[in-house]
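Structure first, commentary second.
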Amino acid sequence: MEEGFLLEQKTLEGDLNSETSHQSSVDFLMNWFRKRSIFVLAYGTGCGAIEMPPTFTSRYDAERLGIRGAATPRQADVIIVSGYCSYKTLRRIIRTYEQMSNPKYVLALGSCTVNGGMYWDSYNTIKKLEDYLPVDMYVNGCMPRPESILEGFIELQKEIGAGKASSWQKYEENHEFYRKNQEAVLGEKVEPSYEADWYLYEGGL
Amino acid sequence: MSSVLFVALPLLFGFSTPILGYFGKNAVAYVSTLMQLFLLYLGFDLLLNEGFSIELISIAPPLGISFVVTKVSLLFVLLFTSVMTLFSLYYLSYRSEKPYRDESKFFILINMLLAASIGLVLSSDIFNIYVFFEIAGISAYILSAYEKSSSALEAGIKYLITGAVASIFLIFAIVLIYIYIGSLNLGIIAQHFELLPFQIKLLISILLLIGFGFKVEIFPLNFWVSDVYQGSSTLVNALFSAIVVKAYLFVFFHLLYLFLPHGEFSLFLIYLGAFSMLAAEVAGLRQSHLKRLFAYSSLGQVALVFTAFALQNTQAIQAALFIVLAHSVAKMGIFFALALIEKEHESMESETLKSLNSPFLRVILLISMLSLLGIPLFAGFVGKLLVLKSLALEGMLPIIMMIILASLIEAVYYFKLAGYMFTSDKRRDVLKVTWAHKTILAFLSLLLLIIGMAPFLLSEYLFEASKLMLGGVS
Amino acid sequence: MILLELLLMLLVAYGVGFLYYGLYRNITARFQRRFGPPLWQSFFDSIKFFLKEESTSHGWMFYLGPIIMMSGAITTLFFIPFFKETTNFSGLSSYGNLFVVLYLLVLGPLGNALGVGTGGNPFGAMGVTRGLSRLFALELPFYIAVIAIMSLSGSADISEIAAHQSTMYALAYPLLFIGALFSFIGMMGQSPFDVVGAPVEVYSGPASEFSGKFLALLMSQSAIYTFAKLVLMVNLFLGGAQGFLELLLKTFVLFLFVISFGSLYGRFKTPQSIDFLLKVPTTIAVIGLILATWS
Amino acid sequence: MMINLSNYALGHIVLALEMSHLANFFAVLILLSMGTLLFLVKNYALPKSFYALSALLSTSLFLIVYAADYLLFFIGWEVMSITTYFLLSFSVSQKTLHKYIIFAMSSALALFIAILMIYSTQQSFLYSDARESFELMGEFQGVFFLVLILFAIFVKLGVIGFHYWLVDAYEEAHDIFTAFLSAVLSKMGVYALIILVVKVTQPMLALAIIGVMTSIIATFKAIQEDSVKRVLAYSSIAQLGYIVTVLGVADGMSGALYHSLIHTAVKLLLFINIAGVIYMTGRDKFSQLGGLIYKMPQSFVLLLIGIIVLAGMPPLGGFSSKFLIYSALLDTKYLLLLSGVMFSSASAFLYIYKLIYGVYLGHPSHKKLESAKEVSLSFLLPQYLLAFILITLGTFPALIVPYINEILLESSLTTLSFTHAGELISAFAQFNGLIVMSAFGTIFVLVVIFFVSTRSKAKEAKNRFDIAYCGEEPDESTHLHYGYSMGKELARVGILRAIIKNSSSHFYEYLGKQTLSFAELFRKIYSGKLSVNFNIAILFLLLLLWGSLR
Amino acid sequence: MFKTIKSNFATADVEVKRQDLYKVVIKYDRLSALIDFLYNNYTYKILNAITCTDWIEEGHFALTYLITTEDRSNTFMIQTLVGREDTKVESFSKKFKQAQIMERDLHEMYGIDFIGNDNLKELSLENWVHTPPLRREFDTLEFVNEHLTFREGREDNVDVKAETKRLRALKKAQKEADKKAKEAADASALKENEDGK
């Protein structure tokens, strides 16, 4: 009877591609590649950042699932908002999120992103990440351990594989809603505005 | 027309000036310029119809005036008369703003100077040489002390003392020669000179060397030159460097070739000349006073001529004659231009060139300087090339090295001046130059350019002249 | 026929390049006591980036940067013959020689540096500066070794050098090989000298501004360049190869050595790596050169 | 074909002109640079004397090139130095001008002594007798002759010990004249090196070693410079270092000729380009320029071609000349020389990239640069012409090999084997420029087609601040023009600090001070007091007597 | 040392809180003189912290300056009382460089203005326009409810406090019922024993 690491590997991967969904073969292939290789932006926003090293290094090794760190938002697919998010950090998260190239996903860790967590009454943190950024996957736990983060990643990969993770389209469609909330919290106009209307243009070569 | 006129006419003019005084203030000036023009005509007339003759006028048996007019002495006579005419023409238009005080005395002096130097060149009697040596000296001392400033006075005294010392040595030499050989005529002395015992010959030549050394501005004896140039007025400087030095140089080497045709001392003289050129240039490096600077540069050039003459072969002498011509023309150009600058800027420091604002004068100064340096397209280069070529033939490498080093140092401080003139700096108002000055200066620079570009015009004439000089026909 | 052969060479290089890249990630993972990603993970990464919705570009020069890099890589590949004797799979190497290859190796990165420059990202400029200042320190020992080999085999043509090696130059002249090996590690971008693209220190250096398909192109060209350099080193020092199997074997052994050496060492700072390269490998190579030319 | 001027003899000196192939080659270089620079002249308000002086300069250059005897050669050399002095004086500071003229005059006079030494043994200045007269010279005199000649040429070439005047003069001279200076005047040094050293004596290893040292040190000095013209000045010293190296080695003549052609063309291209940038922005420092690529795109592309050639990259002409140099060096057994040259050309990439990055790429360092527009056609046309020449030499490297072979035959050296224009063959290997260029071109096009057809479309960034900047948002005030001072960190590396830090200027300043203090000593002798002078006179008299009586 | 401080700075007597910690309360105008005195004579060269406690009832802030000796053997707590409304305090950033950051933080959190500190812009709160948050009149919960929105819970969500109370009551009732049932069972078992006996 296997146990230990191999079992864990099998169970995690076991039902990875069980999610059957009706999408054209081209989309299926495209999503299959997007599922197999995920670049996570190396940007620790809150206290969850301390969970990232063990997830990506030897013990929990996210790389075996094709998940790797990426230095700049240009190269990244997934941004992890790990934990409480003060106004100051929110401004940087929005700026980085808008610089990532589509399709991009947000992984929110901890309860602070859900409803403010233990800082529910703090004057300085936002209570509900949903209003400011479209979130694909929540991983609760007041800082989830690497296993649950990996679990979260697997779920995200399943959704990507099935083509259901389309938060970045949601961000583009109702952009005013997000921008209004952001400006309500961040005070004056969120710079740079041109980043937002960048999506409205058609690509070149 | 006999060659004695060259000496007689200026002296005659000298005595007649008081009479001319009555005819009006500038009568003296015009008459003297006319007289110099006539002398020039006389020179050319002699040149054209080959009037080479020997004039013997004996007053008392040993004493008398004997002139010998050969190609080379005629060359010098022509040089002197043309320099003097150019000088007086230049002075005619210069005197309208700033005349010398009691001009008539000034004209007497320059004519006496001219007569004496021509006499020196022509005479073939050793006592005559001494007489003209003295006359030229005296007129030069007074000319250098002409202005009423302290430096002029100091220059005059210094010139007087050195001149006196020089003449003492010369008279000793002449007395010795007269005792041992008995005659004053150069030809006879030349024949008997070899027979003299070595010590006596040595003593005479040393005395002659020192006697003429002062005047010929050789290294240890040329300390007085820079102070004299600084003291005397710029125009007079032109005369000194163009005429006086050349006359003494010619006479010294004329005697040398006559007495020691085999050139026993030539090696020593060559080294002496090269070293004095180097010393003069190095001393000039630190100079900031323009007149002293050009004094040192003319010391250098004269030393170069000295080395060339000391080589005692026809090519070297031809080169020396080239340099003499080029140097006189260039120095005249420089000092004439400096006279104008001094009139305007009052200060003769080299920084004044920075504020000089007349493109014409800048070009003139530049051309003369380049020619003095020996830059190819100008006259100086021909002379320098020939000297160095003949030195190369003799295989004297160290000498070539010293001369080239000296001309490098000369280039350094000349281009410092060129740098002042040409880099942009705060300029004074434009310095206007009358058309008369312009024509004379332009003529001088053109002359330099022509000799530089087409030296073959003169090379045959100079070649025969140098053969003659070496041949020592007296 | 030649076109087909060139295409085949390109496919082989592309495939083997990504295979080696996957092996590299697995072997370094095993060094770090973890299971590495699946073998073709790098291939998946590059294809994923090709399939991105859009990628930011900063003007036509930025757009052309990675393209020049890729074409430089492919040209270098074509000028290196795969095998020793036979003329097939020798690409265009009969028209070029070792000097052409040495300079083509640098043409790609220089073209890309222009793209990075127009991108305007200061971290990109910093990465390029480190790359260029490291480059000349790398080139010195490599050039000394290569020159020694060229003079030994009497010609600058790669296939001739490979043919000339009765016994491998690596064995015949070990000092030369060691000197060249040090700089080869740097050329492969392995650890002691890979400060150029350090993800944390320099925000991934030159690649900081490249997104989407530019990044994909950079990944695929690095695969081709790796394979081209490996084949070059095999031809120069390991006596060339007769067949595919021998070629793959030798290249893999060399690659294995380079990765394991790389995964054991931390990163040098740029002045440190220049100082080291100009001192140790250069003296080794010079001694090798003197010994080689003396005998 | 020889025109004999002997009837103008100055006392039997034979002056002769001659139309040798070597002379025509260098005449072509002069014409090329004069032709291209004439385009630019109408953009600048130059004083009339500038034209007169440049006419005189070009006549002196032709005189140098076509002279068949050393005297005419020297006259041309001297006139060239003097006219350069006056052309420099339009814009150069007094100090640099003075430095220049001291070096120029000392080099000219050293040459004069050397020529006189030739004359003294053979009684003729003609080139043909030079070789015998050199043999006739004694051992010591021969060495002294070579020292003088090399000193004169090294000053003109700006070899590393003697470049004290060159870099400042290049930087401060008028842009057009700097181009002319670096493109042509240095070639006169090369020509002098060929006729005075290569043709007279057998190849000297010392010359090659000096060449390598020059190129390495000049390259590292170029990397440290901030002013664009100073970088180009040092880079032309380095490139000339290659020529000197290859001339110091057996049958390096072909490499030297080819490289001087390439160097003239590429230096003209670079200097005209930089002149255009300075004309448009009025700035010539890397720290003040930057980000001009999309405002001056054509100049950018032309500079790109220029730096590819300067670096010696395969598709373009630079590689063909480097290839010949490397093969020539490979023939000799001095392999360390070749590695030195390749090392210096590898480390040259740093200042080559800095040239294009500092000026065109990155962010503009000042708002004024935003208003820069493309330069007028008068700047671009010459650059296109030069770029065309370089590209054709890249694709057909052996185009001029037949002509070089004629020169080699003329001076009885081994010629290069030649098949067709595309293939350049040297002793060690051959390469086909056509195949390299077309391979690179077709692959480039194929990759572009593939790249355009991928699914992911490239979207233009909104403006220059839209960069990944760690979450921050840069604006007008943030300093983004990094990388313009790249290469400064090399000074932290032990070995390189030695090369970069100490320079020859202290030595020359010391020398200057010493001569001035020595002159001061001499002036004391000419002091005013009469008594001192008389003592000296008497001293001299005694010395004279003692000397003669002994 | 304590006597000299007490005498010339007219403070309450120095309190030795710990072997290496002394405390003294001083009026504001003598504060800088005391700090200079300690700095020069007793090597108290290091400023550890400037803290402020808000005594809203008494209506004043208590500013405490902690300075330590060079060899870190001993710390001195100097406390002054300053007013709460737009207080102006003289800055020590010239004497101690680190004071600049501490004062900047106090300015942001308490609104105290430090004269002489050249850089008092915001430290961690960007674009903060409301009252300085650490003042006690600022109620965070009320601020949060006013400015931010919470996630509205599920339909069947109940108030957390009421829910916990209800659950606790339920458990208690349950316990009592069991106890009662047990007693009934014991009683019946006791009765059976008695019947059985």
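Things to note:
Should a chain be cited, it is by its letter among A, B, C, D and E, assigned in written order, with residues numbered from 1 in that chain.
In the analysis below, a residue touches a chain if its C-beta (ideal position, glycine included) is under 8 Å from a C-beta of that chain, and two chains touch if they have at least 3 such contacts.
Model, not experiment: these values are computed from the prediction.
Within the contact network of the assembly, the step distance from subunit B to subunit E comes to 3.
Where touching is counted per the definition, the chains common to subunit D and subunit E are A. Connectivity of the assembly in the absence of subunit B: the other chains, held in place, remain one touching piece. Most remote from subunit B, judged by the distance between CA-atom centroids, is E. In this assembly, E is the chain whose CA centroid lies farthest from the centroid of subunit D.
Compared on C-beta pairs in contact, A-E and C-D come out with C-D as the pair having more.
The distance from the centre of subunit C to the centre of subunit D, with each centre set as the mean of the Cα atoms, comes to 34 Å.
Computed centre separation for the pair subunit B/subunit D is 46 angstrom, with centres defined by C-alpha atoms.
Distance between chain centres (mean CA atoms), subunit C to subunit E: 61 Å. Counting partner chains per residue, subunit D has residues 451, 455-460, 466, 468 touching two or more of them.
Under the contact definition stated at the top, the residues of subunit C that touch 2 or more other chains are 51-57, 63, 203, 208-209, 212. All chain pairs in contact, by the document's touch criterion: A-C, A-D, A-E, B-D, C-D. In the complex of the two chains, the subunit D residues touching subunit B come out as 8-11, 13, 71, 74-75, 78-79, 82, 85-86, 89, 92-94, 97-98, 101-102, 105-106, 109-110, 112-113, 116-117, 119-120, 123, 141, 515-516, 518-520, 522-523, 525-526, 528, 530, 532-533, 536-537, 539-541, 544-545, 547-549. Interface residues of subunit A facing subunit E in the complex, by the touch rule stated above, are 86-88, 91, 114-116, 120-124, 126-128, 130-131, 184-188. Only residues 291, 293-294, 300, 304, 311-315, 319, 322-323, 326-327, 330, 333, 335-336, 338-339, 342-343, 346-347, 349-350, 353, 356-357, 360-363, 428-432, 435-436, 439-440, 443-444, 447-448, 451, 454-461, 464, 466-470, 480, 482-483, 486-487, 489-490, 492-496 of subunit D touch subunit C when the two sit together in their complex. The touching residues of subunit D, counted against subunit A in their complex, run 451-452, 455-460, 462-463, 465-466, 468, 471-473.
On the subunit A side of its complex with subunit D, the touching residues are 30, 43, 72-74, 92-93, 95-96, 99, 101, 191-192, 194-195, 198, 201-205.
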